[in-house]
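Letters A, B and C mark the chains in the order given here, with residues in each chain numbered from 1 onward.
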């Protein structure tokens, strides 16, 4: 029971905050969005040790599939889920191709995925090309920010439970082994390709659904708005900040990140990226285990809560 | 078109050479390379605006600046990260540093597009017309590459660098100061980036802004991988290939209906990257 | 009954031929010592058997099946496990978790539950003497601990054939005795066939049922330990001098 306490507390706080005012709802919404994409990335990055700079692509795919379906008259909620499934499918395809690459090669390749996807849509004039798809009239009546926020909350809870289960499962151990020492894992019987692909697919499902939510919120799906490298980077940053490979890590990371971002926006507008960039450099050099690492080392009693 | 592609390709190659070198020497992917390119371009710009130096004359300045900054960065940051258990440390750190640097440039010099007006006329020859500045830049490129050849193959430090690329343990036993060699390698790579950036300014006289490095960085990755990450000459080969493709693609793509050639061309570049990574990850000139 | 049959395996790396047509047979239930000077191809042979390197020619036959083209993880699941000369533990995982990886992915892959795996892990840690350290991170172990963890992890896969690559290197004499008795226990109690690469001559001759000698990628001798020590060719390879070798053998 003790392991769940931290999570329950945090989720409660988030729900409480969201009910205060619409301004707070916005913040909670965005925090949960970051949480969902970071937690899902953690499955691949934290457990598997693969830095997927193209994580944002899954959001984009989810958004586009959502848009295409909604325009046809399908319910937005069903469309979201199908968007997630579509993302997973694309992840399967991309994964089969790219997951055999070693660390830095994988990072570079996935980094190119985001602009590549953008150019593909604009250049190939797919789904409206640069102009995108407008969803305003299809969704304006169904729009309810509370529902969207709580769907994100639900997603986050699901991922939390999933990763908790994973850390003591065969898949979890295998992924971590691959991360630690690829060859030794192979000779210990780990099927590298299969494990990685599964992790990849899982990590794509949730951002896919989240993509649908984003599309729902902004009513207009365009390459510029839904295929954004920033999300990839924020996700990676949050995973590192919170503690890569832990379940609590991305959650804490998202909270701290969002808080920091708001703070910086108020006192040092325009300098946020600069400060964040430097912060990451310091983080990597001095505290590679992130917040959960720091807290566990400093306050040994907290260790049980911070898995 | 072939000529144009080669000329641009050579500059791309030069810009990428630094990346290949750093990767080969210490297995580090230096994402700050993008900002080094930008800084190199800015150096040329400010040299032009403040001192009146044309981009070619200011190359030594660029190179020196790049070298110094590279050394600084190595000793402060890179060296300690080389020993961290996570192989992605340098990647993430340089990436973040790059973002910070870009923002710094934005703060210092604003995000406005700037440019230089350095035009010396055009060479015309039957079907071909090339601005003379391009030819000069191309020549500078070739000269620099020849210089690199000399440095890498004829000087002690160059040979040390190649030795360390091959086997750092063996090199150490032979008396090579590995840390210093790595530092020089990194600094050399940075200098090349700066120089590449300055030359890019010649080709893109009006496109200077703090974020331009990123566009070229992606091209550099494609080039580096296609050419072979561990081998500096691979950059040249890759650069030429990409240069040619960039010129050829819009024309070929124009034949395909429903495709917007200008936007699709970068996608073709990425496609090539993925194909190469799958079929022959060592690239054309391979690495051990 | 031959458990493993290496048939004329050739392996080249660029200009170097590490294995020039090596053949050997390992019988079920025996301990085979693989010796030879450094660079003779011993570890390469193990790498070929485990599937890390595909051979340029030749075959690897295990339990009558040709596994030459089989990927490493499937070979592990068929019952071939190995240790590494320089231990390669999963550093940020605990000792117990290290074992869980090989148990869950080993011979009973897919058929064993996490709880059963945990029980088995604790049993194995008992056998190798690491029980007290089971919740410590692998990276905090000392040299002897790591060697034992290598052994434990290989055992976790519940193999029929274990390939031990210099598992005694770097151990003190008393630690060597302990390790040897553990290895004997493994063979006797669990009926596991063992191939040992070793430099520690007295250990190998002591524990092996038969010995194979490699030099520069070729097998130059095989037989019982007593026969090998009397073999001039083997002595020559180690001393580097035929005169000295003859003198040594004749004594």
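Throughout what follows, contacts are C-beta pairs under 8 Å (C-beta built on N, C-alpha and C of every residue); 3 or more make two chains touch, one makes a residue touch a chain.
Just so it is clear, the structure is predicted and the values come from calculations on it, not from any experiment.
> Of the other chains, whose C-alpha centre is the longest way from the centre of chain C?
That would be chain B.
> Pick the chain whose C-alpha centre of mass, unweighted, sits closest to the average of all protein C-alpha coordinates shown.
A
> Centroid from C-alpha atoms only, then distance chain B to chain C, rounded to Å. What do you get?
Centre-to-centre distance between chain B and chain C: 47 Å.
> Which whole number of Å gives the spacing of the CA centres of chain A and chain C?
43
> Indicate the whole-number Å distance between the mean C-alpha point of chain A and the mean C-alpha point of chain B.
32
> Please set out, as single numbers or ranges, the residues of chain C touching at least two other chains.
Where chain C meets two or more other chains at a single residue, that happens at 91-92.
> Inside the complex, what are the residues of chain B that reach chain A?
My answer: residues 27, 29, 77, 80-81, 84, 86-89, 91-93, 95-104, 107, 218, 221-222, 225, 258-267, 270-271, 273-274, 277-278, 281.
> Which residues of chain A touch chain B in the complex?
Residues in contact with chain B: 49, 51, 97-98, 101, 103-105, 107-109, 111-113, 115-116, 119-120, 122-125, 129-130, 233, 236-237, 240, 270-271, 273-281, 284-285, 288.
> In their shared complex, at which residues does chain C touch chain A?
50-52, 71-73, 76-77, 81-82, 84, 88-93, 97-98, 100-102, 104-106, 109, 114, 153, 156-157
> Using the touch definition up top, name the residues of chain A that touch chain C in the complex.
It is residues 168-170, 173-174, 176-177, 180-181, 183-192, 245 of chain A that touch chain C.
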